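Next, two complexes with subunit A in common: one pairs it with subunit B, the other with subunit C.
So, the complex of A and B:
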């Protein structure tokens, strides 16, 4: 119990760190904070404009008052205003976040489920499967995201022409079930790329956890009673590797959003990742901060959620709480 | 050391030695200059081993010169990250307020969405090479710090450290003279994985076009290839070869790590 509570506190501190980083970056770095916060350079602004922004951003107040305004902006749900795109950052992210979530959540769910089943099977039995799958995963683990994505595009989109190589929908797709299946069809390659990137490290982690658990006495006891391997795997080992597995899933969400940035760029998908890289090229600083804030928020929420799930499913944690 | 691990070590070292040779003496491998122009979009031939790109640069030459930049950025950021990780890890092992604070910092950095943070901070800091190196180091030290902390805690409980305390040595003296030398195996195996992690981070960043574009690394080459239509023209030589080079480099570090880690066990 204590461990998970500690984790949740660390999460909150982490979130605070992101907010502080967002607040401090444009103000501490040499250069005019007005230029950073509006994303325009001093030369292209008239004096009136400059004064207007300076007032609007409360640059002349002291740091604490500024921080207060910044927090107010966050809690009002605006996350700042992108002067480049003439829209509030929350609106811009809101229109794009759906694509990112579809890719990254699908990848997290599938890759973690695969890692669990594969890790349980390969870790609990020494044999050919384990001998083959560990080196294969190590090898795939050394491939950068874009290499996997490019190979998939070349093979499946260009050579065999099975899957589309860009976008999330065909231009003419609309309405109902057809639209839904078109979306699934477009999602397959990006999601498979992300799965291939995330699976190796997660598989190895699960396999090693299971391998360690295999040495425990409850496994020996179960085997002596003549239970078959399947039963031992899914009713004995699974319960004991569930907490580390849940933690792994929670941590994966943040990583998948990072991976999704590259995948979205590779497949030209209009998600939060491409919004981020566009903002880098356009030097749209408020938008950059907004994306960092939202992705950190998603990562933290998922970690806190899995910690709560851990408290619920882990009997050890529960009884400790009762004492 | 058995044969398998020795082979892993030799293969890993050979790959890295090859890339280091490329970085140090590019003129052995190619007799073209880095910015020498030929006809554009040639496919691989005897004259141009990997063909030429849209500007007419020889791709193999670019690859050779990119090796230096890739290694420079990833090795130097890896070393800085190691230094940071060792110091923070040892500080975090202390059983007082400072220790708790540093342990908290380690936990916070564990949870940060690394790539998004890197991209945003890089956008603020600009495109210089030094900024990229420092940034990657700033996000790459966490694993090392955790490993160093765990080992330091273990060493701190051992008898010879107790003896040192009884002898009245200062904490700094114990840390530098007695704990640090005993960390060598952790440090060596972490160095390998730390540098390969930095290679990955660097290539992801430069693939997204963030970083110093005047000194192209392998990631930057792929970024250029991707943006300038190598896909449409089926110039896979330009797209895939740098990416394969990156994974070879990472694999080489992994193999060395494997040989080193197994020996301690």
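So, the complex of A and C:
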């Protein structure tokens, strides 16, 4: 229990540190903070524009007052303003985050479920499945996201012409069930790509955890009692490997949002990944800060939730708390 | 039924349902649509409204057309207005019969006048070349028009230039008009996306769908001529590799990016596909330019500029980056298809001549030294390049490698586009337009850019130009030639002045074309009667009025 509470506190401190860094970095970089905070070069601004931005960004106030404005902006849900795109960062992220979550959430759920079942089966039973699964996952785990995506597109979109490879919908898709299925249809390849990227490490973690647990006495006793492997896997092993599995799921959320940058570019999806790429190329610092802030927030929330779930599902953690 | 069988059966039912729906989707996907032409582009379009640069370039080819177009062989055709002039000083534009905006309102010459004023008020170099002064105030550096006269029926406008310009139509190939009846009395913030999509071309944007990454154009019912192709669908790709594979696969009919040819790296693979046709036209733009700052050391010394022009191996550039019709450029810079072209000496690698040029300016290369030096200081310069342009970075790397092998140190200065503009163009220079911060830069000049002002890329060379002027060239001879160009009343006079400018380029070497190339476009063989435009390539109004899809 103490361990998990400590983790949650560390996580919150890290998040505060991220907020602080987000505020401080553009102001610490040598050069004019107006240029960094607007994402535009001061040379291309007129004096009036420059003064306008300087006032709007409260550059002449002291650092604490500026930080106050920054926090106010965060709590107001604006997350700053992209002067390049002429919209609030929250608005820009809001229009894109849905697409990213559709890919990454589906990929996290499916890859973790597959890793759970596959890892439990492979780790609990030495045989052909384990002999094939482990090297295959080690091999696939070395493939970069871009390569996996390209292979899937070439095979399933261009050779067999089964799945689409760009956008989240067909141009003519209208609302209703057809729209829903069209969306699912378009999501398949990007999600499969992200699953293929995420699955190997998760499978190997599960498989090795289960393989270690197989030597535990509770498993031996269960076998001695004549319980079948299916029951041992899902009633005994699962409970014991659940905390590391839950932690893995929590960590996957942050990683999947990072991984979606490449997938979104490959499949021409207008998500947060492409927004981040635009921000990097255009040196749009407010947008860059906003996207990183939201990614960090999602990762942090998922980690905190994971730790809370671990406390709930892990009897040992609960009993430590009672003591 | 056993308890464990239930989820398995549910899973099987779910998979069957999913497969059935996907099969339906896949069937839909195989439908061939002869009424629609699909165009792939990697242009980044976010709002799809007038004023967004990439969208403006795309819409210029189908809906928001410019006043006139220029064919691949250099002739002009009216799109919005016919044109006439007697002395090349007063140009009369008459709006075509029955031309209407997509909301049904009549297009009039007042729209042309309103747009000139509208753009002018936004600091664009239309009525006047403008630049910001030190204090941020707008400074008019050169007046373009003296006066204008609207006809009584509001269909014609006569614009009188300050001085005759036989190439005025070139400026009109990228001049698009806005509807006065919508934009008048509205501030920028009051103009809605729908306002920004009222156009007078043959098509009108019917849908911009970010989720599918498409822009769908339907026929503008008010356009006097009916295009054969009923719909144009532009698919936005993030990855060019995927876009070209899509073309190979027959999912799109053509690809288009403003002022870009199909890259040589894709051409070999595309040419193996029998379902594709290729269209080639000599480029009026120069894709790879080494631009010197003629007002800053070491390039204020003509011998150093000349030395570099002889130190580079142009065949390597041509073979590595150019298409099959690419050629080594002349010292006169302007490509052969340019109006007023004059043949000058071919650029060639000649290290002896390069060394001689440097020695004339006192540079020596001591035994064992890597670089030429003068008074103990090595000959070195910063080469500014856009970090976001992979091709330009490769040009810069090659220039660096070749010059360092010869004995001139090159330091790459890879900067973002914004910083690049600040360093290399007068419009963005912090002090108006007196001194730019770069020493040399890699740039690419579009067809439109090459044709603007006096043509022959002079806007990039002229230090006094309000917007460009990256080469910072000045002096009595250059001024005299540009004045002669701008005063030319006839084609003969213009050609004579253009010849002198190319001789000046050859002799003074203010900039170098690293190679000349052809623009290559690719289109599915199911699309017939394709017309290529000199400015907008395959995506142009004349093409969509002529093309048919089998």
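Definition applied: the second predicted complex is superposed on the first by the 323 of 323 C-alpha atoms of A that agree within 3 Å, B and C clash if a C-alpha of one lies under 4 Å from a C-alpha of the other, contacts with A are read in each partner's own complex, and residues count from 1 in each chain.
By our rule, a contact is a pair of C-beta atoms (placed from the backbone, for glycine too) under 8 Å apart; a residue touches a chain by one contact, two chains touch by 3 or more.
What you see is a predicted model, and the numbers here were worked out from it, not measured in a lab.
Considered on the superposed subunit A, subunit B and subunit C are sterically incompatible, since they clash. Contact with subunit C, but none with subunit B, is seen for A:184 once the two complexes are overlaid on the shared chain. After overlaying the two complexes on the shared chain, residue contacts for A:158 are found with subunit B and with subunit C alike. By the touch criterion defined above, A:171 reaches subunit C but does not reach subunit B.
When the two complexes are overlaid on their common chain A, residue A:283 makes contact with subunit B and with subunit C alike. In the superposed pair of complexes, A:147 makes contact with subunit B only, with no contact to subunit C. Once the two complexes are overlaid on the shared chain, A:274 sits against subunit C while remaining clear of subunit B. By the document's definition of touching, of the two partners only subunit B reaches A:10; subunit C does not.
Legend: residue contacts after superposition of the two complexes on their common chain; A:301 is shown touching neither subunit B nor subunit C. Of the two partner chains placed by superposition, only subunit B is touched by A:255; subunit C is not. In the superposition on chain A, the residues of subunit A touched by subunit B in one structure and by subunit C in the other are 150, 153-154, 158, 165, 265-266, 281, 283. Those residues of subunit A that touch subunit B in the complex are listed here as 10-11, 13-14, 17-18, 21, 25-26, 29, 36, 138-139, 142-147, 150-151, 153-154, 158, 165, 251, 254-255, 257-259, 261-262, 265-266, 276-277, 279-281, 283, 285, 288-289, 291-292, 295-296, 299-300, 303. The part of subunit B that touches subunit A in the complex is made up of residues 104, 107-108, 110-117, 119-125, 196, 200, 203-204, 207-210, 222, 226, 231, 234, 236, 239-240, 243-244, 246-247, 250-251, 254. On the subunit C side of its complex with subunit A, the touching residues are 4, 18, 21-22, 24-26, 28-30, 44, 46, 132, 135-136, 207, 209-214, 216, 233, 235-239, 241-242, 245-246, 248-249, 388, 416-419, 421-422, 428-430. Those residues of subunit A whose C-beta lies close enough to touch subunit C in the complex are 40-44, 46-50, 85, 95, 99, 150, 153-154, 157-158, 161-162, 164-171, 173, 181-182, 184-185, 188, 230, 264-270, 274, 278, 281-283.
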